[in-house]
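Letters A, B, C and D mark the chains as written, and numbering starts fresh at 1 in each.
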Amino acid sequence: MPPVDVRATVISNVRLSHDYNVLTFSAPEVGALTEPGQFVMVKTTDTSEPMLRRPFSVFEVLRDDLGTVRAISILNKRAGRTTNLLYGLGAGDPIWCLGPLGLPFNPPESGDAWMVAGGVGLAPFATLAEALVAVNVPTTLFYGARTGEELYYLEFFDRLGVKLVLSTEDGSIGEKGRVTAPLETSLKELSGPNQVSIYACGPEPMLAAVAKLAMQYGQPSEVSMERTMGCGLGGCYSCVVPVTHADGQTRYVRSCIGGPVFDGAVVAWE
Amino acid sequence: MTTMDLSVKIGTLEMPNPLIAASGCFGYGLEYADLVDLSTLGGVASKGLFLAERQGHKPERIVETPSGMLNAIGLQGIGVHRFVAEKLPELRARKARNIVNICGTTLDEYVEVARVLSDAEGVDAIEINISCPNIKEGGIQFGCSLDGTFNVVSAVRKVTRLPIIPKLTPNVTSPASFARAAEDAGADAISLVNTFLAMAIDVEQRKPKLSNVVGGLSGPAIRPIAIRMVWECRQEVKIPIIGMGGIMDWRDVIEFMLAGANAVQVGTANFVDPFIWPKLLDGIESYMQRHGITRLADIVGAVDTASPAKAHA
Amino acid sequence: MTTMDLSVKIGTLEMPNPLIAASGCFGYGLEYADLVDLSTLGGVASKGLFLAERQGHKPERIVETPSGMLNAIGLQGIGVHRFVAEKLPELRARKARNIVNICGTTLDEYVEVARVLSDAEGVDAIEINISCPNIKEGGIQFGCSLDGTFNVVSAVRKVTRLPIIPKLTPNVTSPASFARAAEDAGADAISLVNTFLAMAIDVEQRKPKLSNVVGGLSGPAIRPIAIRMVWECRQEVKIPIIGMGGIMDWRDVIEFMLAGANAVQVGTANFVDPFIWPKLLDGIESYMQRHGITRLADIVGAVDTASPAKAHA
Amino acid sequence: MPPVDVRATVISNVRLSHDYNVLTFSAPEVGALTEPGQFVMVKTTDTSEPMLRRPFSVFEVLRDDLGTVRAISILNKRAGRTTNLLYGLGAGDPIWCLGPLGLPFNPPESGDAWMVAGGVGLAPFATLAEALVAVNVPTTLFYGARTGEELYYLEFFDRLGVKLVLSTEDGSIGEKGRVTAPLETSLKELSGPNQVSIYACGPEPMLAAVAKLAMQYGQPSEVSMERTMGCGLGGCYSCVVPVTHADGQTRYVRSCIGGPVFDGAVVAWE
């Protein structure tokens, strides 16, 4: 299904912290098509300042009691112009939303699912968790942040039945340090290859570490890469990720259409 | 009312309307085939093609600037042979009019790429990119010299009967003199502008924002300069002009045409709104209706410079 | 912490900071004297002066464009003699550092205006406008020719000991070669960019929006091109560069300085916010503090082009 | 007193019609300094789209019961980008307001005051009427518009004791035709020169006609000229009006500082 462009209206803006907010808006046409891991390109103005859209994972697809999709939300972290504007929006404000875009996560061929999130990298995992739980895949979320205050939506995942393994850099909640440490601990406990499917989203060094750990322990991994995106549709070639191809050559692949989800084993990490 | 004629003819290339997707801003066209019926566009200018595959520059490749963006993609591309084999058949099936944008690091490469395309089925015109500001080796050294421009165009002219459309750089003192060189060399049309060579610096990191240091500025920021250049070229040459630079809505299309463009390309706006194409057409048709214009070609170059507009009309 | 040094020296002109009000965007300076203490600016570049009074063009003289504006004022002005008699005394009383922008329709006129200013009390430097795109007779024919640039600068050099600062046009293929010509001719500094020749058309009236048909584009739209040109000129010449084009906040000042500017001018932004000056200074000083910079001059040209910035730092 | 720049907040936006609205915002610092006929330069965004401020007459200076200035308003008519944005603002939205700027109207040296307004040219006359009434100058408003529905604030002027002479192009209220027709009728009834002071604001052809009538009947006139303004402070020379000087020469004068109010007799009408 081709993506659609919706001039949506903000329904709510819940500020989680000084930097994070969850913005819910009326783009059911987009939500109804979205698969976990896909993204949208959004814009808060119809002027050329700022001009380009910005990419965001679809965080939640919100349904009414009858199961009809009513809205979607994004988990926004302030980083610059548009993310600041998204933090400041209020109910009733317009937001232009194009999507869904990109390749989604692939469900595990067998075994458990392990999701690994760093910071705002949590975004694609709410929908992925729902999808996995719906088909009874035992699911764990390894979730790291700087401090315990920046671990969001724990209750949401808990309620779904997702096992939570938390870590923080300051040790305020969970294990102190990087999220890759508890991940490795768990990997060590596995009895052999291809027992879990690993899904990761977060800062690139984390993704590289997760992909390498996964390879080391013989588990498949999928990583959601973050690149500056001009169009989200394969038009501009701004968003490339170096991928090692079957012929052994490394080539730049457009992450908006060849990703953002990549097999962690083929990305040529820098 | 009578039917409206929006058609444009450039040599053997006949387009139902003047709206062309700009090179490098529309992939190879197929990326957008599910969003817009390619046959409804005047034409599709492909991403620039060398003879061989190219990887392009490292990211960061784009950066947003006030009402514009810089790009330094570095002409990543699949090369002309894979294009002919993998893209052209489906483009033909979808009835796109294919204006294939070609690059070269040498004159011979331009000629060779043009030859390959001339032998292929489904190429409607060749746009000769002698104006990419983002790569050192190719193009711009031809595009910034009158002789270079003349030589490339003449050489390509000799190997193809397809309409050839050199794409001019705005980074010169007088684009009109380059338009003249192109016309003299046998071009069927010219297209302008390519992007403006520009730069942005991250002041906290004290480094260029683009990996290539400099890049090309596109988007509405440049439109007033592009309009001026099209207008100047219109005084200089008789061949059709394909105008571009910052078109965001139908008004901008009409502005380029009044300045002297016979057709236009839309690049950056397509990133902001990939569904822009039917909106542009609708806007143009309403304008024609409102102004009683039946043949859109009649407004080409029709800006009345003898008497300026009233601000408080 | 140690005190911060923001000073800039151009020949005998010593400025406490690099912020200069751009020519044509600050009247003769006195218009703003109640809003900003003129002595706190690095300098004030006066509106361009010919020998005689000039009426300039008919309105419309400006039009807004995406993140920019076109102007074709046509150098309305009171002439150098009235400036010396009516404006200089009060500018001196207010301790402004006066960078007087001069124009001419002939080489002799430039020389004569420069001579009058050299004899006057209170002129700190002469900015030679060879780059106004808006009038047919003057300036730009010098500014678009390397010989013309060399000749005007040499001729003015002979009649004054004041610092002379030719102002370069961006409407050429290689501003750096003009920078070289200016340096060779004895310029103490160069300033760039003047405005980009551009055009806007009212599509409903089908007429140019400006009475002069074309005008000069300024404002943030042009900043990435101006930054690139300053950076290119920095590789070419040793003399100080006064950079400008679309500065809207302190970040943009730092960006120009990293690219190679020793000082900057602020034009269009002053229209948007006439109280911008202390905000710019504050921003620069916080930046210096944050980066442990005590001498602002140390960052001139310090952009590290060997390794580009990280987008996701 | 130099002008001030205030980041004001919109208090109310009253739509008078599809094109006209009265926008009230918290710029008391500006209001306290404003004299009738002066203007402000406003901007609705802090981005460069749109970039330049736009000039508006101060319509009302609003005071609380103790007489302290609390806000000002502008009478806005949609004409393009910024005026459309001003039409759309709501309570709480920011608006940047620089002022007061320009030369105000001069009070009559003697005799009655006649204000002549065409369309949105009504804007400077609310404050002028208040000032004149406060010093007991008998005041008349000649007010013309396209239709009766576009005659606003009639009650306001009526309550002040201003005599209203209305005209509309479609004849729906008052005399049918241009506002200059009833003006000329009244001028004819005067017994000699210098009996009334005429103040005019509206489209330029109207101003030219009023100035000529005033000269013809020997009455002084002041006209508020409308020009594209880049800065409002004399910086850019965009806003010039051709004025015939004492030496007989016509020179361009910056209307932002040499106006917007000009002696109708010295403007070199085109």
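Convention: a residue touches a chain if its C-beta (ideal position, glycine included) is under 8 Å from a C-beta of that chain, and two chains touch if they have at least 3 such contacts.
The structure presented is a predicted model; accordingly, all values stated were derived computationally and were not measured.
Under the contact definition stated at the top, the chains bordering both subunit C and subunit D are A, B. Interface comparison, A-C versus A-B: the higher count of C-beta contacts falls to A-B.
Taking each chain's centre as the mean of its C-alpha atoms, subunit B lies 33 Å from subunit C.
Between subunit A and subunit C the centroid-to-centroid distance comes to 48 Å (mean Cα coordinates, whole Å). Here the CA centre of subunit A is 36 Å from the CA centre of subunit B.
A straight line joining the Cα centres of subunit A and subunit D is 56 Å long. Multi-chain contact residues of subunit C, defined as those touching 2 or more other chains: 59-60, 66-68, 219-221, 248, 311.
Of all residues in subunit D, those that touch two or more other chains are 48-50, 228. Under the stated contact rule, the graph of chain-to-chain touches is complete, every pair of chains being in contact. Considering their complex, residues 24-27, 31-32, 34-35, 47, 55-56, 59-64, 66-69, 71, 73, 76, 219-221, 248, 268, 270-275 of subunit C touch subunit D.
Residue ranges of subunit D in contact with subunit A, taken from their complex: 45, 47-50. By the touch rule above, subunit D contacts subunit C in their complex via residues 2-3, 5, 43, 48-53, 98, 227-228, 230-231, 233-240, 251-252, 257.
The touching residues of subunit D, counted against subunit B in their complex, run 48-49, 203-204, 226, 228.
Listed in rising order, the residues of subunit B touching subunit D in the complex are 66-67, 311-312.
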